[in-house]
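The data blocks that follow each hold one structure.
Look for chain A in each of the two complexes below; its partner is chain B in the first and chain C in the second.
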Partner chain A sequence: MSRVTLAGVGKSYGALTVLKPLDLDIADGEFVVLLGPSGCGKSTTMRMIAGLEEITTGTLRFDDRDVTVLHPRDRNVAMVFQSYALYPHMTVAENIGYPLKIAKVAKEERAKQVDAAAKKVDLTPYLARYPRDLSGGQRQRVALARALVRSPGVFLLDEPLSNLDAKLRVAMRAEIKHLQRTLGVTMIYVTHDQIEAMTLADRVVLLNDGQIQQVGTPDEIYDDPQNIFVAGFIGSPPMNFVQGQASGGRFDGPGVSSLACPGSGALTLGFRAEDTRISDQGQFSGRVFEVEPTGESTYVVLDMGGQRANLRCDKKFRPALGSELRFDVGAGQCLFFDTTTGNRVR
Partner chain B sequence: MRNSTTGWLLIAPTLFILFITGFVPFIYVLVVSFFDWNTFAQNPEPTFTGADNFRELVFDKAFLKSIWLTLKFTAFVLISQLVIGLFLARMLLRNVPLKGLFRTIHTLPLMIAPIAVGATWRLLTVPGLGPIPHYLKSWFGIDYILSRFPDQAFATVVIMDIWHWTPLVTLTLMAGLSNLPEEPLEQARIDGASEWRIFWDITLAFLKPVLLTTIFIRLMDALRTVDEVWMLTGGGPGAETRFIGLHIWRVVFPKTDYGYGSAMSLITLYLTIVMCWLLYVAMTGMKENKA
Partner chain C sequence: MKRGLFQSTAVTLIFWLCMSALTLLPVWWMFLVSVKSRADLFGKPSFLVDTAKMTWANYAEVLSNPSFQKYMINSLIIATSNAVLVSVLALLAAYAMSRFRLVGRDNIFFWVLTNRMAPPAVFLLPLFLMFTAVKIGDWSLFDSRIGLILLYCVFNLPFAFWLLQGIVDAIPKELDEAAYVDGASTFTVLRTVIFPLARPGLAVTGILTWVFAWNEYLFASTLTSVEARTITTGLAEFVTVTGTNWGQLAAVAMLTLAPAALVLALVQRHIVAGLTFGAVKG
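Moving on, here comes the complex of A and B:
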C-alpha cells in the first residue's frame, strides 16, 4: 500500500484552469473520499492520480516515489470506473485475470490469484460467465476483483455505485467499506453523493469550483463547516440559512431577534433541522409552509420572512398550515457565516 | 390488427418492386439454369437438360480458374484494404498535420464510377503513353506491359482495387474507432497493457461489428468485380485476370449460352453466401464456442 502526496497539483487546458493547485496528504491505508458537485474537479483529480490526465502543475508522489509523469501502467494503481469498464468479450475470469496476463503471470498462478480475488467478492460461481450475463451489482464486483487481483498500491474508485439501484447501492457501500478495512488498502473514492462520502470515508475532501473547500473527517465536515458551501452541501436536508445583520454581538434576521453572535455586519445564520426543538418560548419563529412526514420523523418547512427552514420534529407532530411556530436551536448549534465571502465567522 | 394492415399497405410498394426486380429474376435464372438455351445455336429453343449445366461446371477448367483467380484477388484486396484502411483510420483520428487535406484526397477515388476508374488506370498503364510504364522503365529498368505479363496485370488490378475502395474501409473504420467507449481502453492502460496490446486485445474486439460489416461489403463487392477489370485488362492477358463476373458475362453475352451462364451465376451466388456465412461464424461464433 502507498501513501499519496499531492503537492500543488493543478490542471489547466491552455488558459482555462479547471483545478487550482491543491495539497493533500493521504496516509497509507486511509479511505479518502473526494466529494463535490458535478464539474468541481474531483474526477479530474482522480484521473491525474491514475495517470490518465496530465498534471499541469505540482508533483504527485506515491510514498517517496515521484510519479507525476509516469505512465498509468507504471504507477501500480487500480481503478474502478463508474461504468465498470469491463471487457465485454472476456469472461469474468478473463476480466479479473487480464492485468495478470499483461504482467505475464504464469497460467496456473494466474488462475489461483483470480480464484482468490473472486472469492473475496463472492464471484466464484460466475467466473465462466460473460459480463452481459451478470447483474449490475455482480459487474461491480468483477471490477472490484480486477482491481484487487493486482495488489496495487492505491485503489481509485470513480463513482462506482452510481449505476446501481438504491438498495444495491447501500449493500455495495457496506461491502466496499468492509473490503477496505479488511485489506487495509489506500483507497481514493470519488462521489457526488454526500451519504456515500459520510458513510465510507476516513476523511472527506470537499471540492467546489476546482478547489478544496474543506478536508476533514465526516464529523468535522458536518459539525464544523469552514464555509457556507460546505455547510449547505453536507446534510439532508441541507443546513437552514437565515440572512440578517449583526451588531454589538447580536444577530437580527427574519424570524430571529437578538441572537448572540460573533462578528458584525451582514451575516448568515446556519442551523440544522435536527438541532431544533419546538418551544412556545423559542427565540426563533416562522409560519408553517408545509409538513412532510417521512415515517421516522416529520419535517416541518417554515417560512421565516421569505426564507425557508426545515425542522425535524416528532413523527406524530402535525401543525396547521399557516400557523406560527416557535422553536429553539441547541446551544452551540448556531453557526455564522459572512454573507459576502461565505466564510465561517467564529 | 388495423395497424398491421396499414403497415403492410405502406411497405407493399417496396415489396412489389423488390419482388419484380429481385425475386422474379432470381427464379428466372434458377429455371434457365436447368435448360440448354443458346439463341445462336442450331436449336435456339430452350431444352430442359436437368442438372447437366451444373455437372459440366465441375469439370470446366476455365470456370474453375476464374473462381480461383477471384478468390485470390478477393483475399489480396480484402486483407490489404483492411490493414491499410485501419492504419489510415487510426492516423486520421490523431492530430497529424494536413489530415483534412489528406482525408479529402484519400476519399476522392470513392466518388469515381468503376468504369471511369478502369479507364483512368488504363491510360496510366498503356505502354508508350502512360506514366507508369515510362517511369518503371526509366527508374528501375522494368518492362511493364499488362498485355504480356500476367503477374503484372494481376498486381495492377489488385492495386487499382485497393486504391479505389480503401477509402470506404477507412471511413467506416474511422466511424467505428471514434465511437469506441473510452473507459475500457483507459482501464486496460491502467491494467498495464501497452498501446499495441490494447489495440489487439480490446480495440479490435469493440471494432468487431464494424469490421464485420466492412468485410462483408468489401467481400461481396470484390467477388463481383467486373467493370474496372474489364476496362483495364479485358480479363487478359489470356484469361489471367478473368474473374468470375467477367467470365459469366462472356458466356452469357457474346456466347449467348444462357443456361450455362445462369448455372454459373447460381454457383457463384452460393459460394458468396457460404463465404459470408463462414466469415460470420468465424468472427462471431468462436468466442461463444470457446466459452
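Moving on, here comes the complex of A and C:
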C-alpha cells in the first residue's frame, strides 16, 4: 500500500482554473473521502491521482516515487468508476482477470487470483455471467473485485454507490468499509453524499469551488467547522444560521438577543437542530412555520425574523402553527462566523 | 377490427411481393439467359425455365476460361484487401477523432466527408496520369492490384470513417480509462476493448466497402489493362465487334453477383445492427 502526497497539485484549462493548488498527505492504509457539491473539483482531483487528467501544477508522490507525469498503467492504482466501467463483452471472470491478463500473469495463477477476489466480494457463483446479466449491486462488486485483484498501492473509488438504490447503498457502504479495514489498503473515495463521507472516512476532505475547505475526521468536520460552507454542507438538516450584529461581546439578531459571542461586527450565528431544547425561558424565539414528524423525532421549522431554523424535538411534540416557541441551544454549541468572509470567529 | 388488420396485412404482403418481383425480375431474366444455348436465346421469350433445353454450358465455358479465373481472383484480392485496409484505417482514425482532443476536429471530419461528395469521374484523368507516372523499375501503379486497392481506399475511407466514428463514440470513454488504469497501453485498449465492441460496425464497414470494390467498374476499366482487370471489367469483353455472347455474359454476371449476394444474405442482420449501433443509448 502507498502513502499519497499531493503538493500544490492544481488543474487549469487554459485561463480557467478548476482546481486551485492543494496540499494533502494521505497516510498508508488511510480511508480518505473527497466530499463536495457537483463541480467542486473532487472527481478531477481523483482523476489526476489516477493519471487520467494531466496535473497542471504541483507534484504527486506515491511513497517516495514521483508519479506526476506517469501514465495510469504505470501508477499501480485501481479505480472503481461511477458507471463501474465493466467490459460488456467479457464475463465476470474475464473482467476481474483483465488487469492480470494485461500484466501477463500465467493462466492458472490468474484463475486462482480471480477466484480469490471473487470470493472476497461473494461473486463466485456469477463468474461465467456477463455484466448485462447482473444486478446493479453485483456489477458494483465486480468492479470492486477487478480493483482488488491486482493488490494496487492505492484504491480510487469515484462515487461507486451513486447508481444503487438507497437500501443497497447502505449495505454496500458497510461492505466497502469492512473491506478497507480488513485489507488495510489506502483508499480515496469521491462522493457528494455527506452520509457516505461521514460513515466511511478516516478523514474527510471537503472541497468547494476548486479548493479545500477543511480536512479532518468526520467528528472534527461536523463539530468544529472552519467556515460557514463546511457548517452548512455537513449535517442533515443543515446547520441553522441567523445573521446579526455583535458588539461588546454580545450578539443580537432576529429571535436572539444579547447572546455571548466572540468578535464584533456582522456575524452569523450557527447551531444544529439536535443541540436545541424547548424552554419557556429560552434565549431564542421564533414562530412555528411548519412541523415535520419523521417517526424517530419531530422537526419544527421556525421563522426567526425571516430566517428559517430547524429544531429537533420529541417525536410526540406537535406545536400549533404560528405559535411562538422559545428554546435554548446547548452550552458551547453556538458557532459564530464572519458574515462577510464566512470564516469561523472563535 | 380483425378484418381491418387482415386487409392491412394483405396490402402489405402484396406490396412487398410486387417490390420483390420488380427487384428480382432482372436477376431471374439474367439467369434464364445464362442457361440457354445461343440458338434458344433468340427463340420465343419465356419467364419459365425450359428444363428440356436448359444448359450449363455457358457456366462451364466461362469457368474454364483462364482470363475469367484471373479476373475473379483479382476481384477477390482487391475487394478483400480494400475491405480489410479500409476497416483498419477507419477504425484507427475514428478512435483518434473520438478520444483525442484534435485541433479543428469538426472541420477535419467535415473535410473528410466532403471528399466523398464529388463524383468519382471528376478524378479520372488526374488519376490516370498519376497511375501511369508512378513507376518503380518495371512495376507501375497502372494495371496493378495495389493501385486499385489504394484507390478504392481513398474513396471508401470517408464513408467507413463516418460509419465507425459514430460507433466508437458510442463506446463509453470510461472503458478505455478503466483499461488504462488496469495497466493497458493504447494499442491494448484498441485490441481488447474497442475492437471487440466495434465488431458489428466493423463487419458492416468491411462488407459495404467490399461490395463497393467488387462492383466498381469505372476506375477498374480505366486504370487496368491486362494484369489487374477485375470481373466487372471482364464482362465488357463479351461484347465484341462480331457480336455479343449473351449467354456467357449472363453467366459471368450471375457469377459476379453470387459472392456479393451470398455475403449480404449471411450478414444482413449484422448490417442492420451495425448501422443502428449507438443510435439509442443502452
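By definition in this document, the second predicted complex is superposed on the first by the 346 of 346 C-alpha atoms of A that agree within 3 Å, B and C clash if a C-alpha of one lies under 4 Å from a C-alpha of the other, contacts with A are read in each partner's own complex, and residues count from 1 in each chain.
Keep in mind that, in the parts below, a contact is a pair of C-beta atoms (placed from the backbone, for glycine too) under 8 Å apart; a residue touches a chain by one contact, two chains touch by 3 or more.
Just so it is clear, the structure is predicted and the values come from calculations on it, not from any experiment.
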Fit or clash between chain C and chain B when superposed on chain A: clash
Chain B versus chain C as contact partner of A:A50, first or second or both or neither: both
Partner chain(s) touched by A:P99 [first = chain B, second = chain C, both, neither]: both
Contacts of A:R181 with chain B and chain C, given as first, second, both or neither: neither
First (chain B), second (chain C), both or neither touched by A:Y130: first
First, second, both or neither for A:M79, with chain B first and chain C second: both
Touched partner set for A:Y87, first chain B, second chain C, both or neither: both
Contacts of A:R318 with chain B and chain C, given as first, second, both or neither: neither
Contact residues common to both interfaces of chain A (with chain B and with chain C): 50-52, 71-73, 77-79, 81, 83, 85, 87-89, 98-99, 102-103, 146, 150
Residues of chain C that touch chain A when the two form their complex: 172, 174-175, 177-185, 188, 192-193, 196-197
Chain B partner contacts - residues on chain A that touch it in the complex: 50-52, 71-73, 77-79, 81-83, 85-89, 91, 98-99, 102-103, 128, 130, 146, 150
Chain A - residues contacting chain C, complex: 50-52, 71-73, 75, 77-79, 81, 83, 85, 87-89, 98-99, 102-103, 146, 150, 156
Residues of chain B defined as touching chain A within the complex: 181, 183-184, 186-194, 197, 201-202, 205, 208, 287, 291
